[in-house]
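You will see two complexes here that share chain A, one where it goes with chain B and one where it goes with chain C.
Right, the complex of A and B next:
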């Protein structure tokens, strides 16, 4: 074993892997522990399969950004190590997510609770944006919640950095219900405002307890948005009719926020409306949002430890069915992620074949010789 | 990740000192006659990465990232115990993904195959041809990402250069690096502001600084120094070398005895700066360049050290030739009187060297049981695979 392998083995030995708790598109997630402390962790095993194709873009992005981002409101990547044919990410263990909380009908939300979740979301997002990282997949299901109530941005599989401006980016990002109109119109040069729109939708969902803008297709998504917020005029959003995929989808009147969110405070509705401004440039930034009067006015945000949370994860998933026939069993909602262009396709069998030895080598093969020596 | 270099994985885990570098080459150095050969190998491999990157239409920044991955991999591995050619392909493949410009694995395999078999054709064939199977590259990718400890964010000097010097309508750079800087740059918000606190450089000097930065990847400078210092060094050097800029500085100071206007000739110092520079530059009151750079408040001793490293790199490079006519035969005939080292180093020579290093390593590892000269199998199970069970 050389020094590199030893370092890796030492890291691996710090963690114990227990039972499987979930599976995503490119990874299987296990419950785990830090052996020295007993600390609960999640071990995300990135499937490499038989090395048919390379690592999934989402996996690359997730490790790339999580290795750099350290913030109370961003999921923490504690360690990485490789085992036989897998890369393993050791993540802090997070009990639940905001979607499960929202859908648990037994829970009652106070305005102060919503304020607390929003504040944590904006703090995490402000940190990402400050570091020139767009999340591009914000939705309740990707806002995970720790045992102590802290909310963390997770799932950086669609994230990318925008420090070198002016590059075309794909508009096929963000789960449909949370996708801003500029992306639906095919805008390829966009910025932090796309994430803010998603946060606006989440904000509204926290108050309504159902998704605010649940379009059934990309086309219907625009219609759904315009029905809620009114069809934008040239004055509302200069130049939007010139966007690549612009299509007129009909004239709709805005439904006043007041009618829908009758219990909300004026500051609350003011912030919500600033997250959902059509013109991306005028949409509020995460930093400005944190200074918005909503967060300083009464009531104060609930302390994270006092926030409502599902009694346990399994019982909370029950009401999922009644929400929307489209919802996927794992609760991701419809229209999940569109494939980014050039996304490398890979077929995975979750059963990894352990047979068939490796054929190439990080190192040249001196095994035989070495074995005779040792 | 762009703002805080000081808390980045790049700075915290991958900015190393020369002792670490020396340690990393400890095995390789046993198998070369002179440590200098390792520098030539570093130069040669970076050249191959750039070539493969060009074939795959990767931007300069992606090529730079691939090169940094390569250097980081070899902080933990030896040339003599690995196959640098497949590592090069994996670096390009991962860098393209990490920099959001993915290329299909098949393209990487086929471009790498054609490049590596055309490089020093006969010699490389002795080391077996590059694998045609995607799975092999994918497997190497896995080892690479593992050894990189998943740290895929790399900072480059280009951003500092642009932050300090780029100005509206600068066409020389965008010509040189089509798509890299020009296209669409005015479509997004510019995070560094609107030209305040910028150094107005002659376009030729700016371009030269850009090329100097490209050149630094041919050595291990990118592991040793923070990228912003490399950028500032490149600006200094470009200002000192660039005729018009130098004239301005001399006029301003009336002495002309600035740090870098010394021994090096102004022509042909950078390897790729031979493109004609735009002469349409409008003369204005020249900015106080020296004052501007001094105002950046960086450690000048470090800048001087980096300058030295770059100058040594160019000196080394002058003795390296990819010209086929200077290939091994001639080169090995042309030995200097003082020693047995050839004066001109060629890729062919380096591949032979690598080949010998491997054999020697293999022989050492197999001890008494070795069959001298037995070819090392590249395509077999790996020691690590066995160690992992």
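Right, the complex of A and C next:
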């Protein structure tokens, strides 16, 4: 065994892999823990057997960018190791995601709560943009929420660094409902403004509690956007008719934000409208957004620990973990357990299947529900 | 490694690389590294790949040999893997089939040249420079085993690079830094300076370049860029403040010892190499060749020096 193999083995020994919690096209996600501290982690095992052309681009992007990014509002990649022929990413374990929070009807959001989530989202995004990285797949279920309430950007499988000016990028990114109009029109040169549009959609969704612009197809998406925000004129968005995939989709009147978001403060609507400006160059940047009066006006953002979160989920998982620990105090070596070890776990996974309480870790497995790749 | 984003080799790693540990002499390792990089470079040109991806591949390749011995992996396979991985990292992926075909062509050419060289040295008719113009290239069959074997080799190499570099894929290229430093030094108006310094960093097809040396795995980018400027200005006879207390490179946090060492690495690339050295290296693109060489030298000399 040479030094590399040894270092790898040492790293592998730091983590214990427990039960499987999700599976996607290119990875299987396990719940695990750090042996020394008992800290919960998620271990994402990249499937190697399915390699057609080497490692998947998303896996490579994720490793590349998460290795560099360390920020309170970005998911942390704790370690990477390989076992036999597999690649394993050790990520911090997060309890839930913003989509589950939004969908949980029993929760009531105060304006201060929404402000807190938005502030954390913008902070994480500003950090990515400051480091020249585009996320390109922002949506509520990629915004994970830690036990202490902190929101973290996750899924860097579509992320990339800014291209050199004049270098074409793909426009087939970002889940449709959160995709900005310039990408729908086939724009191949774009920048941070695409992520801001997604954040704008998430912002609106936090207030409405349903997706703001749910288009059924790419074409319908444009129609949905124009119905909500009005068909852009040449003045609103100079040059948009010249974009590669431009098609006229009809004339629609803008619905005033005030009608839809009746309870929102003026600063709130001002920030929202600046995120959803048609002309990408005029759209607000993450940095400017953080200085927007919305964040400094009353009410102040809720402290992360006091944010609403789905209650049943945590109470259901807690005893499970205790039982896990007690039943097999030191039985969990690095090896994976082959069988579902106890009833409770099976119950958990059947919960996942029933759709009501979808597993959190499936959120870590980012490829599954992506609608972008068609 | 603590302050910079990109990893550099540690002193013990430099003093005794895994290949040297296995008995491969330092100069042979250096030649093999340079040759592997040259192959990556040529493949990059044939694939019309972006220079950033090619440079990234070469830097990953250089780093790899500080973690692994050439007895264990061939420079050909790892070169392919590095280029394949770097292309993905730089968002300009290449088709694995194109890569395999290009490498196959390059290696057939090299084998041809080598055979010619050996033949001409046997016949002792010197001065006919070997060329690949007479080579009849036979492409591999579309579904043949050659293709699948090579493809498998690329995939394995890609994974090994990732694993052995500890998944640290950050590569910082020196070009921006060079432009900035030249600006600071007020040298941008001299086109010859820019071209020459860029050439030292970059790969001019005719010149065996800098990316073929391991300096990117040894020194920080500012140091390497300073060395390129130092070589350039000394060549062109441009005076810059170089007396103690007023040394221009100190402006960029570079140390004189490091600069001269980097310059030494580069200039060593330009040294005259015998035909024998060339053919020796060409025969060791795969690890089989390296192992065979080690075998032969062990049996002759007992201890390889």
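FYI, the second predicted complex is superposed on the first by the 307 of 374 C-alpha atoms of A that agree within 3 Å, B and C clash if a C-alpha of one lies under 4 Å from a C-alpha of the other, contacts with A are read in each partner's own complex, and residues count from 1 in each chain.
Just so we're on the same page, contacts are C-beta pairs under 8 Å (C-beta built on N, C-alpha and C of every residue); 3 or more make two chains touch, one makes a residue touch a chain.
Predicted model only: the values in this text are computed from it and were never measured.
Novice: Using the touch definition from the top, say if A:67 reaches chain B (first), chain C (second), both or neither.
Specialist: So A:67 meets both chain B and chain C here.
Novice: Between chain B and chain C, whom does A:191 touch in the aligned arrangement: first, second, both, or neither?
Specialist: It touches chain B, and chain C stays clear.
Novice: Quick one: is A:132 in contact with chain B, with chain C, with both, or with neither? Answer first, second, both or neither.
Specialist: first
Novice: What's your read, chain B or chain C touching more residues of chain A?
Specialist: Between chain B and chain C, B touches the greater number of residues in chain A.
Novice: Tell me which partner A:162 touches in the superposition: chain B (first), chain C (second), both or neither.
Specialist: A:162 contacts chain B only, not chain C.
Novice: Is A:245 touching the first partner chain B, the second partner chain C, both, or neither of them?
Specialist: So A:245 meets neither chain B nor chain C here.
Novice: For A:82, using the defined touch cut-off, is the partner it touches chain B, chain C, both, or neither? Pick first, second, both or neither.
Specialist: Once the two structures are laid over each other on A, A:82 reaches both partners.
Novice: State which residues of chain A lie in both footprints, the one left by chain B and the one left by chain C.
Specialist: Looking at chain A, the two contact sets intersect at 2-4, 8, 48, 51, 53-55, 57, 60, 63-64, 67-68, 80, 82, 85, 87, 160-161, 163, 169.
Novice: Over in the complex, which chain A residues touch chain B? Could you list them?
Specialist: 1-5, 8, 48, 50-55, 57, 60, 63-65, 67-70, 80-85, 87, 89, 130-133, 160-169, 189, 191, 342-344, 357-370, 372-373
Novice: Can you list the chain C residues touching chain A in their complex?
Specialist: Going through chain C, the ones touching chain A are 5, 18, 67-69, 72, 84-85, 88-89, 91, 93, 96, 154-155, 158-159, 162-164, 166-170.
Novice: Going by the contact rule set out above, which residues of chain B touch chain A in the complex?
Specialist: These residues of chain B touch chain A: 1-4, 7-9, 61, 76-77, 81-83, 86, 93-94, 97-98, 100-102, 104-105, 131, 133-147, 149-153, 159, 183-191, 358, 361-362, 365-367, 369-370, 376-389.
Novice: Could you please specify the touching residues of chain A with respect to chain C in the complex?
Specialist: Within the complex, chain A touches chain C at residues 2-4, 7-8, 48, 51, 53-55, 57, 60, 63-64, 67-68, 80, 82, 85, 87, 160-161, 163, 169.
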